[in-house]
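Below you'll find the structures, each written out as structure tokens.
Two complexes follow with chain A in common, the first pairing it with chain B and the second with chain C.
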Partner chain A sequence: MKAKIEKSCLASTLQAIMRAVSNRSTQPILGNTLIEFEEGHLLFTGTDLEIGLKTAVKAQVESNGSVTVPAKLLYEIISNLPGEEIELCQEKEHELLVKQGKSKYSIRTLPASEYPLFPELEKGDICEIPAAILQQAIRQVIFASSQDETRPILTGVLLEVEGNNINLAATDGHRLALRSISLPELSQEQIALIIPERTFNELSRLLSSGEGEVVIRVLSNQVAFIYNKIVLVSRIIEGKYPNYRQVIPGNLPSGTVASRDEITKAVKGAHILAKEGSHVVKMSFSAERIAVTAVTQDVGDVYEEINAQYDGEDMDIAFNARYLLDILGNLDEEIVEIKTGTSLSPAIIRPVGKEGYTYVVMPVKMG
Partner chain B sequence: MAVIKVLPHSLREKIAAGEVIERPVSVVKELVENSIDAGAGRITVDIQEGGKRLIRVTDDGSGIYAVDMPLAAERHATSKISEEADLYAVSSLGFRGEALASIRAVSRLRIISRRADCDEGTELLAQGDEPMEIRPIGCAPGTSITVTDIFYNLPARLKFLKTNITEQRKIQEIMERYAMAYPEKAFVLTTDGRELLNAVPAASAEDRLIDIYGRQAVDGFVEVTAENDYVSISGLVSRPGFSRSNRSDQTLIINGRLVQSAVFRFALDRAYRELLPTGRYPLALIRLQVDPSKLDVNVHPQKAEVRFVDERDVGILLERAVRRTLLERRLRTLNPFTEARSEISRPGTITTGRKPYAVQAPVNMPLMEEAFTDFFSGKEMPAIKQDRTEAEADMPMKGDGFSGLQVAANTGVNIIGQALQMYVVAYDDLSIILIDQHAAHERILYDRLMQADGGGSEVQVLLLPETIELRPAEVSIVGERSDILKRLGFTVEPFGKNTYRLTGVPMELAEASPAAVFRDIVSDLMEIGGSAREEQIRASLCRRIACHAAVKAGDVLSESEMKQLTVDLLTVPGRAMTCPHGRPVMIKMGQAELLKAFYRS
Partner chain C sequence: MIAKKTSIIAHIDMNAFFASVEQRNNPSLRGRPVAVCGTGKRTIISAASYEAKAYGVKTGMPPGQALKICPGLILVTGSGRKYIDTSAKIMALFKNFSPTVEVASIDEAFLDLTTSAAPSFHEAKKTARCIKEAVLYETGLTCSVGIACNKLLAKLGSDLQKPDGLVIITPEESAALLETLPVGKLCGIGPSTTAVLRLMGIRTCGQLGKYPLYLLRRRFGALGEKLHLMGLGLDYSPVIPLERSPKAKSFGHSVTLSRDTSDIGLLSGYLLQLSQAVGRRLRADAACGSVLTLMVRYTDFSITSRQKKLYTPVSHSLDIFNIARDILLNLKPHLPVRLLGVTLSGINRTEQLSLFSMENKRYAVQQVMDDINNRYGDKTVRWGAAAGSTPCRIPVLSLCTVKQ
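Here is the complex of A and B:
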């Protein structure tokens, strides 16, 4: 096998592939990337068995073949080469040569036949979704997923097709973030997949340019995201996601509308003292204002007040400040609405003037 | 005058009884085993005041002939074995002929029994050494034995009994174990008419497990089987995600007998090595069928221990079977990609090597093309964003660039960074300091929890309440301790039979798994027992909460977290520098020590 390839293309491809390659696996081959030499291009694959990435790079391929080499090693070698064009070829078995000018590196290889099979990309598209919208949706829900490995289902993010909507939902049992995206052309099947948090994190990185569309496709027991020239395949978390709709309160009697920026500043301020203790901040709603307070024994206390339109009876409600800051920091709209029932029942936070996002948060009962 | 004399009969009986009958639960055990040996299909146990006042065991077993009745309560009288050879191949639970005699020596005993083939039954009344009364009586087939006022004549032993609740719980636990050992039989336990256990005959061990642990928990078990020439093992063990903080949920049944065995415990420990953190134990119900001739049950008066030939081999057999089952499960759930791969590399099948996509599955080609349209249209691949995200910026300092950030002035400690993802490394004017992150955080949380008494702690209300199925014995303890649980911040409410609903957890546990913590708390309560003082219980539960809520070894700490931890640890005057389990929180290496280590003077 033999090919000539541009260094910048190869470098950015390897950077992407290295995200999926496992560095500390007991199986050395998982630290490798599979390179397939085909007419006109090279295909690179990386996997740690949890996720897999595959991408194609344009190249002048003189002879076909396939081989695996340590991804990080190859990346370091080519990054250090000064020129633009790089030659990859195999002259001896178990060795890949990386050549440029007078530089010649030979890397030990492992046979391509031992590399895990990349899942077949059968048909079965769920949808095509603008990358920027998907990326925003991921950012707005992913923080609510659980870190608790004893409840694997909640460590993932639910990806659900329902009618004309594609929903992303995440909950750790204390709060729920739900983003619905309306898409005109959706496969009408009911689909519910639980996607590992890490998969969405990696996908989000790949989408950072924000242009173009992402195709989501369901494989037999995996899911594939196809974007530009990259395919990201991930395992799905098995199980049934809790019925999250049940926990979204219907009619909440009281509502307050205020500037997101001002609430954020007030909560952040209160959190400076609250984080010295239990992270609890109290919000007191009354006509025209929200008071945010926190008291930490032996440390101090804080009072912050902001203007707000409030409709309802005066009430106090306490929250884990982190749960408030998570949502406030991930909304893009200027104005937010906080709807409440009682001081012990779930509250809803939504951006004003934008449909499709709901954050439900449970209060804290003060001692 | 002779000093040595033979003891009177009644005293001999009391001494002998002491080995067999230690507390009310011993009576229950002996009588239930008699019922099982009598082939009963339904065994009902009623108790009053934790069995101290009354224990009644009623069965529908074979019953006792009127002519046998006078011997029934005599020592070394039994129908179960008759000659020495029988002793080496005991197939019944009892055989020593001691149970009823021992019970009779220390309580008031009443036996009513009728054989199904007799028209009338017989009643026996006995009390210590006094002559027995035996008379005919009308009754249903089977046997009912009532034991009242246990240890009425042994005040010393009576004094050592625990509270009614504790004694009752011991009885509940052993009844649950018998129920698991004999799924085909019905077991009922009531106290003062209140039902504590009602296990109807079940089709399988697994169905019976549902009666005891609830349906939820049963999904947490996997089946294990193994056998060799003389032993067959079958049972259910918990998946690694489902564990307890003690071994109380490990039940071993050898030939129908509930026994303790160190070999069995070690075998389980080894099977779960690396799969469970230290201090966590699997749940297990293991049933061994051993050729009776290979088994010596006559080693312990209560038969709580047995010996058998080649014990070690059986331990290894069990360990391997469990390990294999667990690893199979684990591989299957963790590595979806390997399945495809194993198909081509399975030994013995001919593989033609890995082929490129186009050849291997032609139908894929257009799809791949579709995926790579941008490539074929010649557009550049987007650069991957390499900016440090906010999360990364919050990562701990790496070895390069020691910033030596100053911690709050009044501690005088500079933090260098985190080492081995376990220790905060720091120094002050006089010494190098290593802080164990988990132990330190545990201590801080524990002190905070213990201090927060009275006012009650803050409760994070749950958006998704957890329903938790408990064993009957556990249900009663949660009921008894509801006050303490509430004060600590657990909001639980009964939610149907043997089920509780957890709707709020202490604020400290926001990040932990509520169900797992609650289960641990319940096993702690079970272990502490009913007679512990309230502050003991609270301390123990606070230890548990602190342990769950604290950062773990292996957690990566940010700069601000390390700083917070150090300040919290060092700025409270008089704080104990050990974790609540007694391990040190911090190691200081002073200037003098270091000089010595480097051979400087």
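Here is the complex of A and C:
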């Protein structure tokens, strides 16, 4: 096998592939990338058995074949080469040559036949969704998933098709982030998959250019995201996601509308002291203001105030500041609405002027 | 800088407390070697009378070993209630002599005797005599008293003369005393620190005080500074009465297993008991913890501990159990385990409410269990491993007979 390839294309491909390979596995081949030399392009595959990534790169291929090499090693070698065109070829068995000018690297290979099989991408598309919208949706829900490995279902993000909507929901049991995206054409009416948080993290990286469409396809016990020439395949977390709809309060009596930027600054300020203790900040709502306070024993206390329209009875609610900053930092709209019930019942935070996003957060009971 | 007013602190240490209480209550034990211990197979001696100490019997020794070196040793099963009652009586008594009493443990306390702008050690000595007499009269027990200008030296003083001692270390005398005093005699410098100091060529407090501070800092970190002050006989910590004492910063329990084992099912059972004990104390203090530490001592006495930081603080016994068990499974004990300990730190006194009603029900059940146990006694109702299922993942509720 023999091919010539542009260095910049190869480097960016390997960077993406390296996120899927595993350098700490007991199986050395999982640290490798599978390179398939095919007419007009090279196919690169990486997997740690949790997720798999496959992508094609344009290349002048002189002879076909396939081989696996350590992904990180190959990346380091080509990053260090000065010129633009790189030659990859196999002259001896178990060795891949990386050549450019007078430089010549020989890397030991493992046979392609031992590499895990990449799943067949049979038909079963759920939808096609603009990359920018999917990336924003992922960013706005993913932080609410649980870090607690003893509750595996909550460590994932629910991807659900319901009518004309695709919903992404994540909860750690204390807050819930829900984003609904309306799409005109959905091939399936109802589907619910729990996708590992890491899969969405990696997908979000791949979508960073924000252009084009992502195809979501359900495989037998996996899910595939197809974007440009990249295919990301992931396992699905088995189990039943909790009924999140029942925790979204219907009619909350009190509400306030305020600048997201101002609330963020106030909560961040209060959190400077709150993070020395329990991370708890208290929000006091009254007619034309929201006061944000925090007290940390032996450290100090803080009072921040912002102007806000508030409709309801005066009320104090305590929240984990991180739960507030997570949402405030991931909204793009300038004005937010906070709806409250009582100081011990869930509150809702939504961007004003944009449908389809809901964040429910439970307060903290002060001791 | 204005010179700080000299403080006068007394440290009072009851002599062989548990054993002395037993000897006081049972005249046939007086004058004989007595050791107090528990009932289990692997119990250790928690206190030895002075007659037993003369044979070399020490706190922490297994009874079998103690009997070998002191064949006439009388082993008495300890009774916590008896000691707590006596201790409470003694601590109440101390209040008559100083408004500022810090209870250091069940059998020792610090008293701030700095009564006037110009306190005198002579006056303090008189007060100490009165305290000793009062304790003997009220409880029939003797104590050792150390008086100095700080807690460190007061504690050293009470240790220097036992039993029934009274030692005064004035600021003028302290330098000469410390010059030749082995570092291990100071409270807070244990065998492992002593060993490290010895390697550095430091044997006495005098040497410790003169050792370059930056080298101590480099070797011991923040503790280096404290060691430097200790070497100089300085201690700025105040006497803190119970009502002003800071709230607990960690909650932990440990248990020595009835026999060493690698059986994950059995170990899980112990973890469950520990998690219940820790959880109950946390909840009683309206606290939750965000750092869980699992400590394992193996059959060869080597110790491993692992910590896990939790994004959400926990107080529910089963949450504690699940995390502790996960740590244990990841640890893959390579030898049979002798002791297990579970500690929660990163203590937080707020409660993050839950979105899902299932969670709230879980907490409600836990609350009912706490209420029952508070009313009818410990372990009346507890989480128990499902019969025949090892290892248990989700424990089931087991009811013991409710005491009438």
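Going forward, the second predicted complex is superposed on the first by the 366 of 367 C-alpha atoms of A that agree within 3 Å, B and C clash if a C-alpha of one lies under 4 Å from a C-alpha of the other, contacts with A are read in each partner's own complex, and residues count from 1 in each chain.
In this text, contacts are C-beta pairs under 8 Å (C-beta built on N, C-alpha and C of every residue); 3 or more make two chains touch, one makes a residue touch a chain.
Source: prediction; values computed, not measured.
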item	value
Combined model on chain A where chain B meets chain C, clash or fit	clash
First (chain B), second (chain C), both or neither touched by A:Gln190	neither
Chain B versus chain C as contact partner of A:Val364, first or second or both or neither	both
First (chain B), second (chain C), both or neither touched by A:Gly173	both
Contact breadth on chain A, by residue count: chain C or chain B	B
Touched partner set for A:Gln222, first chain B, second chain C, both or neither	first
Partner chain(s) touched by A:Lys123 [first = chain B, second = chain C, both, neither]	first
Contacts of A:Thr47 with chain B and chain C, given as first, second, both or neither	first
Superposition clash, chain C against chain B - the stretch among 182-190, 218-226 or 236-244 that is involved	218-226
Contact residues common to both interfaces of chain A (with chain B and with chain C)	147-150, 171, 173-176, 242, 247, 277-278, 280, 318, 320, 344, 346, 360, 362-367
Complex contact set, residues of chain B against chain A	241, 333-338, 340-341, 343-345, 351, 353-354, 356-358, 361, 364, 367-368, 370-372, 374-375, 378-386, 448, 452, 455-464, 466, 489, 491, 504, 507-508, 510-516, 564
Contact footprint of chain C on chain A as seen in their complex	146-150, 171-176, 242, 247, 277-278, 280, 318, 320, 344, 346, 360, 362-367
Footprint of chain B on chain A - complex, ascending	9, 12-13, 15-16, 19, 36, 38, 41, 43, 47, 49, 52, 55-58, 64, 66, 111-117, 119-123, 147-151, 171, 173-176, 205-206, 208-209, 211-212, 215, 221-222, 226, 228-231, 235, 238, 242, 247, 275-280, 318, 320, 344-346, 360-367
In the complex, chain C residues that touch chain A	286-287, 310-313, 319, 322-323, 326, 348-356, 358-359
